[in-house]
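Take a look at the structures below.
Same chain, two partners: chain A is paired with chain B first, then with chain C.
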Partner chain A sequence: MTLLRQHFRSQRTGLLIWLGANVAATLMVASLGNSVSQSQALPKLVEKLPANIQALFGLAPGLSAVDSFIQAKLGFWIILAFPIYGCLLAISAVTREVDRHTADFLFTLPIDRARLLVSRWAVMVADIAILGLGIWVALVAGLKGVGVTGSWSGYFWMIAQTWLLGVAVGSLALLASVWIDDYGAGTKYSLAGVGALFALDMGFRINPPPWWALVWNPFAHANSARSIMENRLLWGDAAALAVIAALALALAVHFFARKQIRA
Partner chain B sequence: MGDFAPTEGYAESGSAAAIALENLSHVYRNGRGAKNVDLRIGRGEVFGFLGPNGAGKTTLIRTLLGLIAPTGGRGQVLGLDIVGQSRELRRRVGYLPGEASLYDWLTGYQNVDFALRVRGVADRSRLKRLAGVLDVDLGRRLKTLSHGNRQKVAIIAALAHDPDLLILDEPTSGLDPLMQETFQNLMREENSRGKTIFLSSHIMGEVEALCDRVGVIRDGRMVAVDSVEHLRKQRMKYVTCEFAGSEPVPDLAAVAGVRDLQVSGQGRRFSFAFTGSLDSLVQSLAGRGLSDLTVTDPPLEEVFRAFYEQGGSR
Partner chain C sequence: MTLLRHQVKSDRGGLISWAVLTGLTAWFMVYMFDIMVSSGILDYLSQLVESMPPAWRAVWGGNAGVLSLGGWARDFLYGIIGPLIFTIYVGTYVAGLVTRESDQHNLEFLLSLPVERVQVILTKWLSLLAGLATLQVVLATIVAVSVGKTALASLPGFVWANVNMFLMFTAVGSLLLLISLFIDDYPRGTAVSLGLALAMFFLNFVLQDSPGAAIRRVLPQYYFDTVKVMSGNAVPWGNLAVLAGATAVFLAGSLYIFSRKQIAN
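Right after this comes the complex of A and B.
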């Protein structure tokens, strides 16, 4: 519990900044809800778009005007934001300690390395969840504030699915960070990795490859439009993301136990 | 590392010693590191660990503490295997790293409190007493403290859980002379309570003042382990001699073991450092009107310099 509390406190300022910025952006998006709900331009536009363009932006015909707008603006944003935040938290877990030389203090305490890594992973999971909940509360409050009724539970599942995406990508970054001792380089590499996987997924949405080429990419398992439309967690994709996260964490724990903490 | 065939007597001597290393190595890919180190340090001993930068001091310390794994040999600290029982070992050891970096966004108290919580220590009275002895304000965030005050907090973090063994790497770097003295008194107090101290330092005065024995490491290998007094006597002498009369003086520059030769008194008074056999030196000086001869032990600093300039051997 000491390890968990200490790391959560160290990430508190970052969480508040991310939360503040995202809640503000969500409230701005929600404030346009009334205008969007009175116009049917967006659903009509979505229906007119070719199927591959709809797929590219994750749009789905059949959603209400407000749901289409929320999905296109917020859903698209958090699919990038949660993995980026997850990566930053993952790189802070070990790489930052080595880079700042606090690793010598930390690792000469009687700490079990597996527990340390799992506690830091748990903080990452919790922080992305708090960010997601904050966005959902702001979205519901913002839309209610302008007198618009949206798919509240659909939005919740969209955010939950994307939370799992953030956890999976963050877990992969945690695994990679075991071999990276430079915080600046680690941040750059992990963000480049997020960008590459995201771009690859965009390409695959236009020209879908066989399933086995898709399944390993976490971004292939988040579809905000489907989450809202089906109003549930997409269980198959959620399971795939959970497996990716669990596998990455297990490997990170395995290799971290053997990591040489050099001066 | 756990599948060594035990050497006869190793386990017994290891449990009796505070530190027992047998052929312990951690060699990096570039060939540097610590190589085949054999060392026994008794419980309650204050041991000085000397060597220039890059000699392998920090590598050996990091290997003892499980930060890096040995590439060969084995070791026990407080009777615990440095690989298989590293966590329990770290519970009983206080370590002060050469570049002590605590969490600078926490206060001194929060840093030490975190370490004590992880160690499962509830009592904070020792922490407060140490803060008083070292005269440091633990209520301030580390980033607002001077280098010396940060070092004091790091010393408190290493001592607060009352460890059986203290491993200190350059402990007084950044401390003013008065505080260095306070630190030395603190170490004497700890030692009088039966604590073992492993002190790596470049400050020879500190090592001479505190240590019973010293080990000298060069290019990753222990080249000498001896008492400070014996090392000084054995390794080198300071010699001053003067010749009366008109007989030609001996060619001291040609005598094996003579270095740093200085001549004064119209060419008849000599002072030099000597690393050879005193018997042969006296024979070289005899029969030339020798009127005065003084032989003294050098300070440890000179002994240390001799190891690195001339190459010491065990």
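Right after this comes the complex of A and C.
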């Protein structure tokens, strides 16, 4: 618990910066809700589009104008922001300590390597959750402020599903970071990985490959429009993301226990 | 010159990775358009757009929006995916220029050499330009080769769009460089630099459908209008001038701040 508290405190400034920026951006999105809700052109257009094009733009027929707008703007953004934030937190867990030569000191303390890694992973999970919760509160308050009613619980599930995506991508970055001792390189590689996986998923939405070629990409398991539309967590995709995260964490713990730290 | 050569040499590996990522992503997105054509989705979409009232047809750029290969490249590669990759590149790269050197106590050594501070910061800035120019050339080459000259609405427009995008990211990078001079902790610098770059990208993405949003005018992204530049033959002199001016101001600010920066031991 002390480890958890300590790492959480060290990440507090970063969390506040990300939270502040995201809440401000969300309020800006919400402020446009009133003008968007008066136009019915987008929902009508969406209904006529072929399924592949709907998937590419992340659209879903049947959503109201406001919901379509929120998922197209905010949904698109958090699908990128949560994994990026997760990667930054994951790289801070191990690579940063090794790069700064503080890992040697850390291991002289009477703590288990596994416990250390899991506590840092838990901080990552908690920080992304706080970020998501802040965005949801800002979105609801912002839309209510301009007198617009949206799918409040649908937005919650959209954010919850994306939170799982952030955790899964962050866990993969944590696993990769066990072999990277340079913080700069770790950040660049993990973010390049996020960009590549995201672009690959966009392409595959047009022409979906067999399931086995899709299932390993965490981005394939986040769908903002469907989360709002079905007003629930997408259980199959959520389970896939949880398995990816758990597997990556287990492997990270395994390899971190054997990692040679240069003094 | 030696400083610049040294900086370029140390950036080489990372830059090659980013260039490969940019090239592969561009090629993949163009390839996906071919899939849309061969699967018949595009024909269906074309018929649908033709049957729409004029106002709706305008959403798709008349009949030449995302329905043409050139329009696809314009809206996706130059409108979303390309700028996103460049944003992440600039956000992470700039944090490594001064903040990292300061965090790792390399600046003291660097400044003990017979080089002026102005020279140090100019070298760092030029290496940023070199990296951005490399990625821009890679993106433009892959798009030009895979899309083909005839599919592009306007060849001069395509060239100017690349110049415009390069200048836009030069302005973003110069602003981040100026801000990074106030941060000596590398991880924090990375988070701030990347967070700011992404926030600007997102704000522009959110507000681009709201022409009345005055706040968008302060974003460098506002001065890169892909549709306008790539569809016409007119050179976007006004936008280029604003971006070049902003870059000059941020660079001058960086030179001023860095020449007075206290380097902690």
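One rule holds in what follows: the second predicted complex is superposed on the first by the 257 of 263 C-alpha atoms of A that agree within 3 Å, B and C clash if a C-alpha of one lies under 4 Å from a C-alpha of the other, contacts with A are read in each partner's own complex, and residues count from 1 in each chain.
As a working rule, a contact is a pair of C-beta atoms (placed from the backbone, for glycine too) under 8 Å apart; a residue touches a chain by one contact, two chains touch by 3 or more.
Every value quoted in this text rests on a predicted model; they were computed, and no experiment measured them.
By the touch criterion stated above, A:Ile261 is placed in contact with chain B alone, chain C being left untouched.
Of the two partner chains placed around the shared chain by superposition, chain C is the only one that A:Phe76 touches, whereas chain B remains out of contact.
Look at A:Leu19: by the touch rule set out above, it reaches neither chain B nor chain C.
Judged by the touch definition given at the top, the superposed model places A:Val29 against chain C, while chain B stays out of reach. Once chain A of one complex is fitted onto chain A of the other, the partner contacts of A:Ala122 are absent, as it touches neither chain B nor chain C. Touch criterion not met for A:Leu251: it reaches neither chain B nor chain C. Look at A:Phe105: by the touch rule set out above, it reaches chain B but stays clear of chain C. Ranked by how many residues of chain A each touches, chain B and chain C are led by C. Touch criterion met: A:Gln6 reaches chain B, while chain C stays clear of it.
Only residues 14, 17-18, 21, 24-25, 28-29, 31-32, 35-36, 39, 41, 44-45, 48, 52, 55-56, 59, 81, 84-85, 88, 92-93, 95-96, 100, 186-188, 190-192, 194-195, 198-199, 202-203, 205-207, 209-210, 215 of chain C touch chain A when the two sit together in their complex.
Put simply, chain A touches chain C in their complex at residues 13-14, 17-18, 21, 25, 28-29, 32, 35, 41, 45, 48-50, 52-53, 73, 76-77, 80-81, 84, 88, 92, 96, 183-185, 187-189, 191-192, 194-196, 198-200, 202-203, 206-207. Remark: chain A residues 2-3, 6, 10, 100-102, 104-105, 107-112, 258, 260-263 touch chain B in the complex.
Listing the residues of chain B that touch chain A in their complex gives 58-59, 62, 65-69, 87-88, 90-91, 93, 95, 97-103, 105, 111, 114-115, 117-119, 154, 157.
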